[in-house]
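In the two assemblies presented below, chain A is common to both, partnered first by chain B and then by chain C.
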Partner chain A sequence: MADDNIIALTDVEKTFRDFWLRPTVKAVDGLSLTVRRGEVFGLLGPNGSGKSTTIKMILGLLAPTKGSVKLFGLSPRAIAARRKIGYLPELSYLHPFLTARETLGYYAGLCGLDRKTAKDRTAQLLKMVGLEDVAMRPVGGFSKGMARRVALAASLIGKPELLVLDEPTSGLDPVSTKEVKTLVKALKANGMTILTTSHLLADAEDICDRVMIVNHGKTVAEGNVGELGTSLEEFFLAKVGEANEFVLADFLS
Partner chain B sequence: MLTVVAPVFHYHQFGEATRMARDSGLSALLTCGSALAVFATIRTFRREIESGTAEMALVHPVSRAGFFLAKTTGVGLAVLFFALIVGATMVTSVTGAAVGGHMAEKTGELARVWAPCVAAGLATLVLPLVIAAALNRFARYRFVLAAVRLALALSLLSVAVFSVLAGPHQLLRLLPPTLTLVSFVLFLVTIAASAAVRLRANAAVAATGAVVLAFLPFVGNYYLAEVLANGGALSWTYVAGATLALVPAVAAFLLLGVRLCREMD
Partner chain C sequence: MNSFWRIFSLELIGFVRSKTLAMLTVVSIVWMFALPRLVHSDGTAEGLRELDVRYSLGGVLVLLVISLLASATGSLARERAEKRLQLTLVRPVRYAAIVLAKALAHVVVGAAVLAVAVVILACRVDCARPCAHVLKPLLPSPREEAKEMYGAFMADPETPPAVKRTKKAIVLRLLENKALDHYQTIPTNATLTWTFSDPALATAEGLSVRMRFSTAFNSREEVRGVFTIGDWTASVSNITQAILTVPLAREFRFGTGYKPMTPDSELAFHNQGRNPLMLRPRKDIDLLLPADSFAANLLRSYVLLVVTLALVVAFGLFLSASLGRPVALFVAIVTVLVGEMSPSVIEQYPDELETKLSDRIGLVLTRFAAEVTRPVTTLNPLERLSLDECVEPSTVLRAVAFDGLLLPVVLAVLAGFVLPRKQEDQ
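Right after this comes the complex of A and B.
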């Protein structure tokens, strides 16, 4: 059902250009995907396959060169669409001089929350990510894992309907990784739609309902995790390996 | 610092203490204010863009125009704060030098006159930092926030005290050139902001410099010809005219910045 599509990309292309507007690289090439309400969708692919570019187009940070991107049926740059999303980038982009509490307060302000709601939700999220005791410390002094937890809390401050996670377990220890996976499952159980990318296929297999594998900006395969008939890792290697073998064979000939 | 210690020169019988305090204050406002406006604006924008925090802000329900205008306003307020501190120090020093000179002529005791003036000027600059450091050490207040608030309060207090002591004459004389220079410095903020959205730091500095060079005769009007040559005495009509002349240029650069920010990938 069209109304159930939270994200809809149709024949999207993205070509990056240099300062003189000369095309440099085609990062996404004719990609189409839909993410339905309430599902956990995994966008998987090797480094440089176009995953982050696709996510940035979905978030309205990049404009597609061709094709259409719809978020909640609107342009990704529409304020109404962005009220409903939370984003955890691959690297935790935080203001180093702000404390964890101030960081969440800042993002609460950007979400338009009133002071009381912001304060309550900040306290709740700091507790959830286990950073209550260091809430008054500047995040510049945090370890990578702690900064990741702050960024995760910041992505949830506006109670989003869609959570976009770019490599959510990157830089986390096994315990924290398990906590993130548990959190994702809990958020899904609460009806949140989640779009995630991951290099760790076992993690993706644990949390995703449906996956799409992309390589060189193109769709290689798409399907429900339970219907792949093999492990996600084997499936992934088979699909991406095929493409790479093709390139290798082409080179050798 | 030169503005603060200028009254000392009176002790050495240079006879130009008031003028030196005023000219060094106005020079600091234009040169340091311009440098602060250009570098702080470009650094603020580039750091946000290159560190990814701009990206984080833009995925929230904030329009790109709103983001650009809010950041530009923020830097503009920081520049205004700097101008207020320098302006207050200048008013304190000039007024103190004038009062001191007047009293010295009557009493002949120069040393006892300039010392409190210098002490007051130095206190305006140094005291907020010392108190903020103490608050940070003992009460865990944020140093920068405490220093900014204290500096603002002390600046306004010193201007008020010295204006009462010496009458509003010096304040009213210094206000027109100060406002004229501040409006020019704020104009630089808008140029630097629009350049920083599209260009890397060095290129943005070069572009801002190029625009300023193109405006150079105009800049001459703002500073050398009108302010110094006329001894700091400007009519309010000139101030209003100069500020109004900047309005379309400021608007043009803000619109350019908003447009570049919307197109930014």
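Right after this comes the complex of A and C.
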């Protein structure tokens, strides 16, 4: 069902250019993918494989060089599309002088929530991420894990239909990692569509329904997690000589 | 609108918590109090006013222009470099609203600091004294005068052939500059008249004439004569002052024995000096008509200064949306400097010297910078205020509508268009 496709990328290419418009790197090369309503979709690949570029095109932060990107059937830059998404970037990028409560209040305002709803939702999310006690402290003084939890709460403040998580467990300790995974599962149970990237296959296997593995901007494999076992192994074998972070990280995990 | 006010308040909180607002306020207060103690005026009332208005308040304006320009050019560019901007761009917010909210926060900060400086100035000067409307003689515009001169100038056998081959537009611009400085000579014991448009002049109370002697052509050995307009007269005798303001009176108090009758809207000057007098009517002769108080004009000047800040901030944010932070800051500072210097460069470097290609290119760029920055460079009302001239309400309204609202909104919309596209460079 086309209507069930929350995200639809068709033959998308992205070539970065230098100041003189000479092509420097082709980050995404003919990628097509669809994310259906209610599923947790994992975009996996080593560093520099084009995951973040793909995510930025989905979010409207980058325009594709070729191909089309549709979010809820709209341009990713359409306000109606942006109203339905929540985004957790790879690093938290919070305003250091705001407290955790103010940060959530700020993003609630950007999502168009009225003051009372914003207040209620902020309290609810602070409780959910376990930061009630430090809600009045500036986030500039937070540890990486705490900042990550604030950013996660901020991504959920507008009750998005689609949650885009870029390396959601990056920088988290094992306990927090487990909490994030539990949270993602809970959100999925509530019907939220989630697109997540990771280079940690163990994380992906725990939370994703379907995954796509990309390398050098191209699709290497795609399918549900159970089916991908063989493909992943083959991928590992093919890439083992490169000793990249993807292999090492997964090996260590 | 909710998101607009959120971004606005975030920016304000940033100014407060980074102590930028406090620092700007403290530096402004120190400047306002310290300058009159460090710099001494020439002792005249005009000198004191100039020190108070142009240098004290003007210094605060310069501080704010530089600070807010630096902050605005860094604002979006820094957030983009730190990747914080993407968290705002993915929210359902209009891109232009992001720019406008940031601009408004910058302007509010500038207006607050400027208000402190204006209050200090108001406490220091006599705010009840009246300012004056400045009326200029009715003359054809310099452009019209240049067109009239063109035919005769080109037909003149003494005009060099090289000039005759020059483009008409360049010659016209040259003649226009000459028209601005066009001198009229008043021989000894002769009378020259200038017409003014205001029909209320003849019945106005407190009318004055102001003469300027600002160039080497003006012999200040002896300027003596009588001004007359309708029933009003004044005698002039000057050998020292660069600007002379003479109140007109109904009774002829000086008894020089000369009092011609002139129409109500015509100002006559009868030269009683020993030498012919040369005057530039466009620059050297003004009629001053009493207006409202200095306080009211200070308030209107404040509005104009805030408008200037709004324009500067909008320009800075536009650059910030389009360029990286160092480049944006460099472009902004160069634009402001060139804009400030360009009028004098253009004036002192007439077209006839445009012989080298590099000179021509330089002049074209300078003229472009002058045009681009004209809204800011012509808004500054401090010179008028220091001369006790009225800052006309119509000027303020026009500036608020055009320079304070329309231009910043246009720049914000353009910046909003560029903002998500500039992300592609990352």
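Basically, the second predicted complex is superposed on the first by the 228 of 253 C-alpha atoms of A that agree within 3 Å, B and C clash if a C-alpha of one lies under 4 Å from a C-alpha of the other, contacts with A are read in each partner's own complex, and residues count from 1 in each chain.
The rule is simple: a contact is a pair of C-beta atoms (placed from the backbone, for glycine too) under 8 Å apart; a residue touches a chain by one contact, two chains touch by 3 or more.
Computed from a predicted model, the values in this text were never measured in an experiment.
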Put chain B and chain C onto chain A via the superposition and say whether they clash or fit. clash
One more residue to check, A:85. First (chain B), second (chain C), both or neither? both
Once the shared chain is lined up, is A:111 touching chain B (first), chain C (second), both, or neither of them? both
Looking at A:62 after the superposition, I want to know if it touches chain B, chain C, both of them or none. Which is it: first, second, both, neither? both
So in the superposed three-chain picture, is A:40 touching just chain B, just chain C, both, or none of them (first/second/both/neither)? neither
Is A:125 contacted by the first partner chain B, the second partner chain C, both or neither? neither
The chain contacting more residues of chain A, comparing chain B with chain C, is C
Tell me which partner A:208 touches in the superposition: chain B (first), chain C (second), both or neither. neither
223-231, 277-285 or 313-321: stretch of chain C that collides with chain B: 313-321
Following superposition on chain A, which residues of chain A contact chain B and also contact chain C? 16, 56, 59-63, 77, 79-80, 82-83, 85, 87, 89, 91, 93-95, 107, 110-112, 154, 158
Spell out the part of chain B that touches chain A in their complex, as residue ranges. 51-53, 55-64, 140, 263, 265
Applying the document's contact rule, which stretches of chain C touch chain A when the two form their complex? 2-3, 5-7, 10, 13-14, 17-18, 82-84, 86-94, 420-421, 423-424, 426
Touching residues on chain A, where the partner in the complex is chain B: 16, 56, 59-63, 77, 79-80, 82-83, 85, 87, 89, 91, 93-95, 107, 110-112, 136, 154, 158
Under the definition above, what is the set of chain A residues touching chain C in their complex? 16, 56, 59-63, 77, 79-80, 82-83, 85, 87, 89, 91, 93-95, 97-98, 102, 105-107, 109-114, 154, 158
